[in-house]
Amino acid sequence: MILRIENLTKTFRSRGRRWLGPQTSFTALNDVSLSIGKGESFGLVGESGSGKTTLTRCILGLERITSGRIVFDGTDLTTLPAAEMRRMRARIQIVFQDPYASLNPRMLVHDIIAEPMEIHQDTLGLGARQRSDRVIELLELVGLGAQHLYRYPHEFSGGQRQRIGIARALAVNPEFLILDEPTSALDVSVQAQVLNLLHDLQQKLGLTYLFISHDLGVIRYICDRIALIYRGDIVEEGGVDDIFERPSSDYARMLLAAMPEPDPAKSPFNTEAAG
Amino acid sequence: MAFLDIRDLHLAMRTFEGEAHVLNGINLSVERGEIWGLVGETGCGKSLTGLSISRLVPSPPGRYLRGEIRFAGQDLLATPEDGMRRLRGGHIGMIFQDPTTNLNPAFRIGEQMVDVALHADAVDPAILGLAPGASRRQRRVEARRLAIAMLDKVGVPDAARRIDDYPHQFSGGMRQRVLIAMALIGKPELLIADEPTTALDVSVQAQILRLIHSLVLEYQLAVLLITHNLGVVAQLCTHVAVMYAGNIIESGPVRPVFRNPTHPYTRALMKAVPHATHRRGELQGLPGSVPNLFTPPPGCRLAPRCPVAQPRCAERVPPTIAVSPGHDVACVLATPAGSAAA
Amino acid sequence: MSASATPDARASAVAARRQNWRRAAYRFQQSWLSIVGLAIVVLLFVAAVAGPSLVPYPADIAGGINTATRFEAPSIAHLFGTNELGQDVFTLVIAGARISLLSGVAVVVLGALAGTIVGALAGYYGGWTDEILMRIADLKLTLPSLILAMAVAAALGAGLVNTIIAIALTWWPGYARLVRGEVIAKKEELFVQVAQALGAGTGRILRRHILPNIVSPIIVKMSLDMGFAILTVASLGFIGIGVKPPTPEWGSLLSIARNYMPDYWWTAMFPGLAIFLAVFGFNLLGDGLRDVLDPRARR
Amino acid sequence: MLRFAVRRIVLLVPVIVGLSLLIFAIARLLPGDPVTLAAGPNATQAEIADLAREFGLDQPLPVQYWHYATGLVTGDWGQSIFTRRPVLEDLKAYLPATLELVVVAMVLAIVIGIPAGLLAAVYRDRWPDYVSRVVSLGAISMPRFFLGLLLQLGLAMWLGWLPLGGRFPLTEDPPPFVTGFLTIDSLWAGDPHAFGVALAYLALPAFATCLSPLATITRMMRATTLEVLQQDYVLTERALGLSQRLIIFKYVLKNAMSSTLTVIGLYFGWLLGGTVLVETVFDWPGIGLYATKAIVTQDFMPVMGVTLTIGVLFVAVNLVVDLLYGLLNPKVRYE
Amino acid sequence: MFNLTRRQSLTGATALVASAAMGGRAAHAQAKRILVIASNQDIPNFDPHIATGYSASMLLRNTYDSLVRTEGTPPKPVPQLAASWTASADGTEYVFKLDPAARFHDGTPVTAEAVRYSFNRLLRLNKGNAWMVAGIVDENSVQPVDAATVKIRLVKPFAAFLQVLPWLWIVNPKAVDANKGSDDGQTYLRSTIAGSGAWRVRRAEAGNLYEFERVEGGWQQGGGNLTGAIWKIVRETSTQRLMVGRGEAHIAVDLTSEDMDALKGRPGVVSIIEPEYRTFSIKMNTRHGPLADINLRRAVSWAFNYQAMLDAAGYAQLMTGPLPDGILGFDPTLAVPRMNLDKAKEFLAKSDYAKGGIKLVMNYVSGLDQQRRWGLVLLDSLRKLGIELDIKPMIWPDMVASARSPETCPDFFPVYQTANYGDPDNIAFAAYHSSRNGGWQNPVYSSPKVDDLIIRARSETDEAKRKELYVAFQKAVVEDAPDIFGVLEKRKLAMRSDVQNFHFTPVASNAIELFPLSLK
């Protein structure tokens, strides 16, 4: 097990001082427990507001948790001192959903990819020259090239930007990659390229993925095991085929039923008649 | 002539870089009761096609170079703005992608619906069914009654009370229902739905699709559903038109097109969608990216990325060929129906 | 391989940036008003830099007088006529450009600097820091700035530097508010969250990720504020709390000269027009820059 | 909505306390020795000390503030160290003139500026837009004192259409004091002649005052309208066939108003403190002139009084703006 | 640009609008005969024993009475409350016979007791004009002999005693005692008139205007036909001028030379440009800094461009020494410096600053444009000696504060001195006696010789001897070069020609007496 989440609970208090109204709170994650094995692709499926994003923010230490433990490779992240946590960040990286927004529009591709190496300079110990070489290496790894080094993000298409985002995440040699809906903003043909790239990278680098998506097709394609999260609760967890073939919770069944498959024969409507 | 008939529609948009040919000879015929899925990737012109029907493409920078759009026989491109306004809402309803931004946040939903209903009534007095001499107040009361009925119809619970709520008090799915109610309050014959479910969760998406389907059956609507989701098309649509870089490259009834995609692009698209049967690493994306519309490739716009491209593809725009009745493909490799089938 | 690829890549990057500039220039040129503004501002800068060496009576700038030629109407010898001490009004007005520009720039830069620091801290840290800094800024906004500037300037005594300090003190809250809002918006941007997830420190995030992305609105505000700063300096001069004589400041020139209206109209008219033109130029320029730089103001 | 309003009003208390504290701090931290100044040129050290004691200036700052703050509440705003007149009495005499000027100017600016901005946005890049842009930029750039001078010379002196300055004909008695607004008081007294006269005196100062807010409101309105016009819901409204007029004057206006409202609130306060220039030119007996005189003599009780009054008015106006904002913007209200 | 014919042709066209806007004000004023005086000074305080400034003087002069008035050129004391008086030969005792008709506004007769009460209140408060008699009169000096006779014993002789009396006003003890409060009636008198003058305040709008109306059944006999008057605060002199030009004001009291030029030949406007006893000189710091060097002071005095100063001053004449022209003891033959660069450089060479290269500081009252101009004249003049000048505008109170010591006093300290009473002692004592050091009238200058001359002159009762003493005084002062002797600006008033019976006096000429005036 590389990541173990034990009884994680996260409660948000409502923002703002409201001294003329009652204090309200909202539980985003409710006693969540998960474990992810080294080298596996773990899928986390849920609809908007289910707590997926909060969970990733907790793992990354961007959110203070209310109770529970997050153990990464034997270390409890929630009690880690700040300096240690910073070091740990080199081992856990994230790729966000929106490739348009996750790249700083004012930075060159080179600088974007080199930045994690600068931040984790003490761990990696790379000089400026070495960093530049590694940037090119990374670009080539994700299917781009040295000709893209000195350009700004807006000069790239969505798929290319997501590749840049992946290259950035890989810059510090992480072992664990959180993929937060990495393809949901992409067109299908581009999504296919990115999914294939992710698959190849995992093969090549032995990465562990936490893949978050609401697209069941994508999840089924890329993941080994999945967990379904609904309003802060894990409602089902298991092997991907098990859940897709034999869903045990109502929620899983509902999701599967609602998933539109690109096969007119499976349409719930009698569309043929109208034509 | 079809109920909605788009013939050889060419649209150019002026930008800093030059004039982009964003629609390049669109042909489409839609009948009442048909649900057409207009699919394609970002920037292929599917939304502009929808907006063109309502004549909502701003001009400038938009400019129609050629072609015509006929709606119930009326040439829309030649209709003055005033005439278009009478068609909008009353005869052509539209809904858009993001239900959170498409409702005016400063007004109660009822206020907006009543105005739409009053407008539709001004076009067609049958909507409210009031005598010509009815007072403004009477009309508003009746319009409000209609709005509540419509909300009820689209499945907004407790419609009579919620009509006085503001948009931010509704969930995303409910807002989309409100928008649908608003689009249908004028009893249009054509509904243009531009990515109506993209911003919604799958479970909500399924409900909305079901709603649209039932409304089509009830009102004999012609629907143009613009989407990039092949699954949605497969589920809801009777017909599909696949767009690429401003062209419809394949169109026809859903089943033949999906079972037997003929155009290389359609095929690539189908293959790119992850499917239960796909093994990891087997998905096939289309290499390359969408062509630059300022200087599009001379022949088939897919040619540079096409896995089966031939030299002649780059020379001339391929003609549209019917590979089976109603199933049209714009590819040189397609074989016309009736000729020796593969 | 990297060595061979890099120069090429750099060249293309340069080309791309040039393209961006051209695009910006194109948008800017779309509006002839912006060009007029730019022209006025360039003219101002020329006058400010080279003015003292261009004017016909440079001695008058430092207070030279010639009471034998008092109140002469505009002529070839004195384009804008002469004033109550026989000084050449044209010379004084041209020399005034330097004072106005200098004080305008100083006020805006000081204000923007202070405001950006306060706003960035408040926006980034939020919570109590934000609460305290912004309440102070809000309080500051409720105080009548002109009266406050007058009070501070009067208390510090006349002089260009004191005037600048007095105005700059009232100037920062606008920037603090702007920057705070922008920082809060940018803080939520994904790329900032990515940087946080990468373990970047506050300094790096502010410096590399947030501030570079909010310079546009700051620059736009600065260019628009330049006009108002010049106007405020002139206002203080007009009220009589401002620079010391013989500094040829437009507001003071106008203030002195208004008593000679309308008989010796040239003494008042030209400084007044100079203020108007300078402010107008900066406003036109700022407006144009906003169209180019501030994406929200664009279509 | 009521709770929203109550909350906003309760929030005013710390603001006003903070304001008085800030003003007090600024007044005391500035250099200058008002007591010596007030004691006059021939005063001895002992007399100066007496005067300092009389004004409580020999006590520690917190005590001074306490006296000042309690005085504010009980209606004792201190007195001018030079004229020995109570500040509150002076404010009562000067404030209505400034308020009347500012209110009339703001009303003009709003009534003209909002439709002008709306039209400029609707006719973007066509002549109404260009005209309004050039005029409003010009108006913002025009120094008010310079404009005032030109107006005075042109309309009052040269053409003789309007009075040169002042508020009311000297030799006529103004209407009895009710609000201090001569226009309102004259109507109250049922004196249309006095009303006309008061308006004639108001015309030039109000015009000179209103230009800058008018231009700002126009520009703000144009910008927000353009922003709103690009919103998805406007496209939806158009797609549903609502008429352009209905969309602009109902659906767009209400949304565009909310940002403009903020500007109006800010401007109101800004004008209150900024009328001094116009007052100087037109001899308008208002709070700005009063403040200028006090500032020049470092008579800080009046300066503090003026600043506090303007600050409180500003806060009050912005409270109203906030409440209106809540009306326009349901999200705020229900938050 | 502002074309006269154009304006005139338009006047007719716009008369309708104008009359609609301004109502029948002209007619209205006619019936009531209200005189409008435009001035830039407010009257914040009505207390006759506190308020100072010409605007307050104007108010007090018309609403209160004093024992004597001043009239004519040169000014002479004439009866007011005192119908007649006698002075002892040694000049230490005066006996005044009060006019039996004199009544306060509430009808109470003006008695000797009221005079005593008023003098003692003035001395007690020690503000306002108290300085005029400080050290001359004490609390026991004023002794009522009977109800209508009052004797004043001076502590020491004071030649100008009758000249200062017009500025010491008599209040109604009954009214003040009834509203005494804890501050000797200061609060009451701040906004209430308790006098016996021919006028009362009808309307007071602070910062805007003060309207006077004639006291019905006032004790004074005769006078002009005015029914009322308005003291209107008009801050800009150009506006004052425009108002007189348009007939909106009858008298403008603060006009500049440029304004007078602009009004020249304007129909219906009378210009009054008269000399008065108001000196302007630039005092030098004789005790601290470079100017403590007498040769540098002389160099500066000789380098100064007097002609430019006169040009910039407009209607004025250059001063010949420390005293104003025409005043008792004035010596027109005095040799004073006039611009002579050779002589200036000669003195400079003798000073410690032979090469120049120093920077001197001049403060002036911000907003006083004449002082600014003269500052620039000085700057321009000093440049020829290689000396720089830093001109600092300051508010008047700060200037006063800087005069407190030689160390804080700037190198150049420009001062106007207005004669409150028409006697050389007024200027000689205030501006050159060392006892006044630290005050604005004479911050630093101190010379035992000059002190002696001043003291002897002020207690001398023989006029010829006094004249001699003042001639010696002038010579001694010029020798020391403590000042750049500047200009005597003429008093510039503009008046509508329908104002009648106005007689100029060179003291307090802008604190106009309403009583004799009439409107045609």
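Letters A, B, C, D and E mark the chains in the order given here, with residues in each chain numbered from 1 onward.
As a convention for this text, a contact is a pair of C-beta atoms (placed from the backbone, for glycine too) under 8 Å apart; a residue touches a chain by one contact, two chains touch by 3 or more.
Per UniProt, the chains are A = ATP-binding cassette domain-containing protein; B = ABC transporter ATP-binding protein; C, D = ABC transporter permease; E = ABC transporter substrate-binding protein.
Everything numeric in this text was worked out from a predicted model, so none of it was measured.
Quick check: more C-beta contact pairs in C-E or D-E?
More contacting C-beta pairs are found at D-E.
Please name the chain that ends up farthest from subunit B once chain centres are defined by their CA atoms averaged.
Farthest by centroid: E.
For subunit A versus subunit C (ABC transporter permease), what separation do you get between their C-alpha means, in angstrom?
Going by mean C-alpha positions, subunit A sits 46 Å from subunit C (ABC transporter permease).
Subunit A to subunit B: how many Å between their CA centres?
Spacing between the chain centres: roughly 32 Å.
Taking each chain's centre as the mean of its CA atoms, how far is subunit B from subunit C (ABC transporter permease) in angstrom?
50
Find every residue in subunit E that makes contact with two or more other chains and list them.
Counting only residues that touch two or more other chains, subunit E contributes 2, 236, 366-367, 395, 398.
So which stretches of subunit C (ABC transporter permease) touch two or more other chains?
Residues 154, 240-241, 258, 261-262.
Would you please write down the residue numbers of subunit A that are in contact with two or more other chains?
none
So in the complex, which bits of subunit D (ABC transporter permease) are touching subunit C (ABC transporter permease)?
15, 18-19, 22-23, 26-27, 30-32, 130, 133-134, 137-138, 140-143, 145-146, 149-150, 153, 157-158, 223, 226-227, 230, 266, 269-270, 272-274, 276-277, 280, 288, 291-292, 295-296, 298, 303, 306-307, 310-311, 314-315, 318
Using the touch definition from the top, list the residues of subunit E that touch subunit C (ABC transporter permease) in their complex.
My answer: residues 1-2, 236-238, 256, 258-259, 261-262, 305, 307-308, 311-312, 366-367, 369, 372-373, 375-377, 379-380, 383, 390-395, 398.
Which of the residues in subunit C (ABC transporter permease) come into contact with subunit E in the complex?
Result: residues 63-65, 67-68, 70-71, 84-85, 154, 157-159, 240-241, 244-246, 256, 258-265 of subunit C (ABC transporter permease) touch subunit E.
Under the touch definition given earlier, write down the residues of subunit C (ABC transporter permease) that touch subunit D (ABC transporter permease) in their complex.
The contact residues of subunit C (ABC transporter permease) facing subunit D (ABC transporter permease) are 33, 135-136, 138-148, 150-152, 154-156, 227, 231, 234-235, 238-241, 251, 254, 258, 261-262, 268, 272, 275-276, 279-280, 283-284, 287, 296-297, 299.
Under the definition above, what is the set of subunit B residues touching subunit A in their complex?
Result: residues 33-35, 41-42, 172, 201-203, 205-206, 209-210, 213, 216-217, 228-239, 253-255, 258-259, 268-276, 278, 280-281, 283-287, 289-290 of subunit B touch subunit A.
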